[in-house]
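The following pair of complexes shares a single chain, subunit A, combined with subunit B in the former and subunit C in the latter.
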Partner chain A sequence: MEKLTFQFETNRIAGGERKQAIIGVVASGNLEVLIERTLPPSQCHIEIATAAHGFGPVWEAVLSDFIARRAAGGLKISINDGGARPDTVALRLAQGVRMIEEDS
Partner chain B sequence: MTAWDTQKKARSRRIEAGSRFAQGKVVSKDDLPRFLDAVLSAGDRVCLEGDNQKQADLLARALAGLDPARIHDLHMVQSGVVLPEHLDIFDKGIARKLDYSYSGPQAARIARMLFGGQIELGSVHTYLELFARYFIDLTPNVALIAAVSADRDGNLYTGPNTEDTPTVVEATSFKGGLVVAQIAEIVERVPRVDIPGDQVHFLVEAKKPFYVEPLFTRDPGAITETQILTAMLAIKGLYQPYGIRRLNHGIGFNTAAIELLLPTYGEKLVLKGQVCTHWALNPHPTLIPAIEAGWVEQVHCFGSEVGMDKYIEARPDIFFTGADGSLRSNRAFCQTAGLYACDMFIGSTLQIDLAGHSSTVTTNRIAGFGGAPNMGSDPHGRRHPSAAWLKAGAEADPHTPAPLRRGRKLVVQIGETFGDKNVPTFVEKLDALDLADKLKLDLAPIMVYGDDVTHIVTEEGIANLLLCRDADEREQAIRGVAGYTDVGRGRDRKRVETLRERGVIRRPEDLGIDPLDADRRMLAAHSIKDLMLASGGLYDPPSRFRNW
Partner chain C sequence: MSSWYEASARQRIEALSDPASFEEFIGPQDREISPHLSLFDLPVQFDDGIVVGRAKLAGKPLMIAAQEGRFMGGAVGEVHGAKLTGLLRAARKLGWPVLILFDTGGVRLQEANAGEMAIAEIMREIVLARSEGVAVIGLIGGRSGCFGGGGLIAGCCSALIISEQGRLSVTGPEVIETNRGAEEFDSKDRALVWRVTGGKHRYLIGAVDHFVEDSNDAFRQAAISALSRPARLDADVLAAEQKRLETRLSRFGALTEARDIWSALGLSRPEAIPSLAAQAFLAESAATRETADDAR
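Now for the complex of A and B:
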């Protein structure tokens, strides 16, 4: 199991009021994303536990695009990865942010 | 004096030798080994019928059981190297040389045997190319074929899976060759005559149907959200603007997703009757919901598909059917139809390089070509216009005056940027090149050449290669939809943005598609059972797909 952490600054604050959202499942080729609104609005902290080693640069690229495209300020995101492909990771992250924007 | 009828005399000798083990034309299963030993000679060119679907399995087993001391050095010319016996005959020294087209299930073993030198490789062909050579320089001396039933005169009923049989028989029987058919049973009168009896010399009663692989069945339950996204991009970004009515689909999950989105997403875009009306396609179970919703006018088939026969019989307005009511398929005609009368081929692949060349060869597997390169190529012999063909031609070549400009067939590669086990689809160098090196082949086995590819669709968007004006632009357009692969991350961001402004690259948001809308609920069927229900119970899925 490899652990990776990324810290981003952003001026796009996550919308909505919900405190927490969880999406996806821990399964081969899939991932579970837990999102908590616990940080100052200009920060986004992402922690990854992954079964696939050596993909640090790919994670960094996927997460940088995610921060640029979606409003994730104030969110602490924990990812439990079962070797998901980057497209699945990007999709789950986007789904998670949409979820936390919804009314609780 | 020159003898002008040596081939006919050779056939007469084969018939005489074979008749010792036959009652009329009928050879019993028990006599099959001795019969084959009698009609074959060392060095014969033999076509053993089999492709990606149907197999002359009884005859394949019998051939593999022959004594290599007597029958050896056969030159096999056949569509498919699919059954273990197809390679056993090389292991045993019964056959030496091979010209073929497709080797999906035996891809790993055929690679080992080619490296090991047990097989002398002629060439790996596309289907139409191999069929063409049956009539020019690879005409079989003996054809071992498969049919459903026969009468005692040798009239054959090939049923829904006619496929390659008429082509193989035509080339063999009219050029002095011997035709031997395995059939499930002898009947008084065949339901329809697919092959006339005077072209068939011997019949072997197998007592059971020939084997057919359900290669074109895709379980809707296995379609991912990313595949749905690529399907939405294709429908809205290609089918709609080009008005694609006549087309062929590959067998992957992305195109299965397109088929299942027509009655839902396609309906929302008001595309019914505007796209996907005429097909060169096997009877894909995933097309059932679109057919039932009235999207499809007609479908011509290469072969049938396991479980689809009753559904097809009940929809003769859609499919080509015989006097007996069942499907008539014909691979050579359908390949020709797909090549000349379709405006689009769209399919998936395993590797795409920076020039857009694609290949399904990976280092240790040689899957062959099948029909994809015939479908996935721009036929320069085409002369009839269509809106889609003209539009694509104008995009590729805006400067030539319209009356002198060739149109272009759309050849689309669709897939996710990463395949199974996180293997990238986009590569700097194709594995096919390493393979060609190792085997000292003149040509690397390329499935679809880059200059035939017009569009690449991934979850990152659509790259329109018709609009690229040089190799550099093309490379950046491909990198631009290659996502987080090394190839994708190696893109020049500024140039990719310029290409996007020109519409060479179109992202989901440029087409008004939110990736979050790519939801499995949008599929017109979610399981094989749903497909069965959509068919009104007429589709009878093979047991391996029944999980309820």
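Now for the complex of A and C:
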């Protein structure tokens, strides 16, 4: 299992009031994304556990794109990956942020 | 109309319980993950493939457990099993009914000893709960079906609900084929798999109590109705169950094909059964099916 961590600064604060959201499932080509609103509003911390080793640069590209497009300030994001493709990762991250923006 | 088969464990709980009534115990934020999977360099899931908690159904409090059939085939590991055991204990203490949303291939082979013990503990808790009159209702209609230890747990429940997509057995088709060969059981013959383990057959031979179409709402309505069934397990119930199983064996024991059993039941068009829609199937089978009456 490869563990990766990324720390981002952002001025886009995550919307809504929900404390937590979870989306996806750990299955082949899929992943689960747990999002917790626990950080200072300017920070986003992302931890990944993946069975597919050696894809750090791809993760960094997908996550940088996610931070640029979505409001993720204040969120701690934990990912268990079952070998998902970058487009699936981007979709789950977007779904997770949308979920935490909903009314609780 | 949302499909139960397609839904995730969390979506099923959401669809089943009254709005905003579900409260999860040991949720993903607690990260109570499998202590075994890392030995095999396998990814974990934060809820270990089962969501447990309390909720209300039609205004009444109860406990709910939902297995996630897409994570390792919904298989039962140490933590997964312990969450269900604990939920059953709490339910017995409070006298609340329990709904188990099955979606499992059985025990997780990577933690087989812990998983097998968990199955035994769960079965004991169900028997204890039912001996005090607590209802434990199983709902079967997920992609992984209900096999292995899951089938044993289902056999202990006070009522079972199944859809056509649902499959219920102990030894699954792939396991039979692996051990006895494709001549004995061809696991790729999907029509055969469903004739033997599928929801319609299980309903016809009285292995389950309710047959529903594959929708969240149908499962919810059936769960409400199943809650009113008698749940107590005692010596009289066991004796009646034994007698009924003996009768079933003497009626169908010599038959080797599900269609022959349907014929023996008195269904006029056994060959048409697999293609009937839910309502037509229920109408066709109402007069002839074996009633469950607790027997599996």
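For the reader, a short list of remarks on this structure follows.
Here is the rule we go by: the second predicted complex is superposed on the first by the 104 of 104 C-alpha atoms of A that agree within 3 Å, B and C clash if a C-alpha of one lies under 4 Å from a C-alpha of the other, contacts with A are read in each partner's own complex, and residues count from 1 in each chain.
We adopt the following convention: a residue touches a chain if its C-beta (ideal position, glycine included) is under 8 Å from a C-beta of that chain, and two chains touch if they have at least 3 such contacts.
Fair warning: this is a prediction, and the values are worked out from it, not measured in the lab.
In the superposition on chain A, A:L4 makes contact with neither subunit B nor subunit C.
After overlaying the two complexes on the shared chain, residue contacts for A:I13 are found with neither subunit B nor subunit C. Residue contacts after overlaying the shared chain place A:L39 against neither subunit B nor subunit C.
Contacts of A:T88 after superposition on the shared chain: subunit B is touched, whereas subunit C is not. Applying the stated contact rule after C-alpha superposition, one finds that A:V58 touches subunit B and leaves subunit C untouched. By the touch criterion defined above, A:R98 lies against subunit B but remains apart from subunit C after alignment on the C-alpha atoms of chain A. Looking at subunit A, you'll find no residue that touches subunit B in one structure and subunit C in the other.
Note for the complex: subunit B touches subunit A at residues 224-226, 229, 416-418, 422, 459, 483-484, 489, 515-516, 518.
Residues of subunit A touching subunit C in their complex: 1, 20, 22, 25-27, 30, 32, 34, 36, 49-51, 78, 80-82. Those residues of subunit A that touch subunit B in the shared complex are 52, 57-58, 61-62, 83, 85-88, 90-91, 94-95, 98. Residue ranges on subunit C touching subunit A, taken from their complex, read 8, 10, 27-29, 38, 41-47, 68, 70-71.
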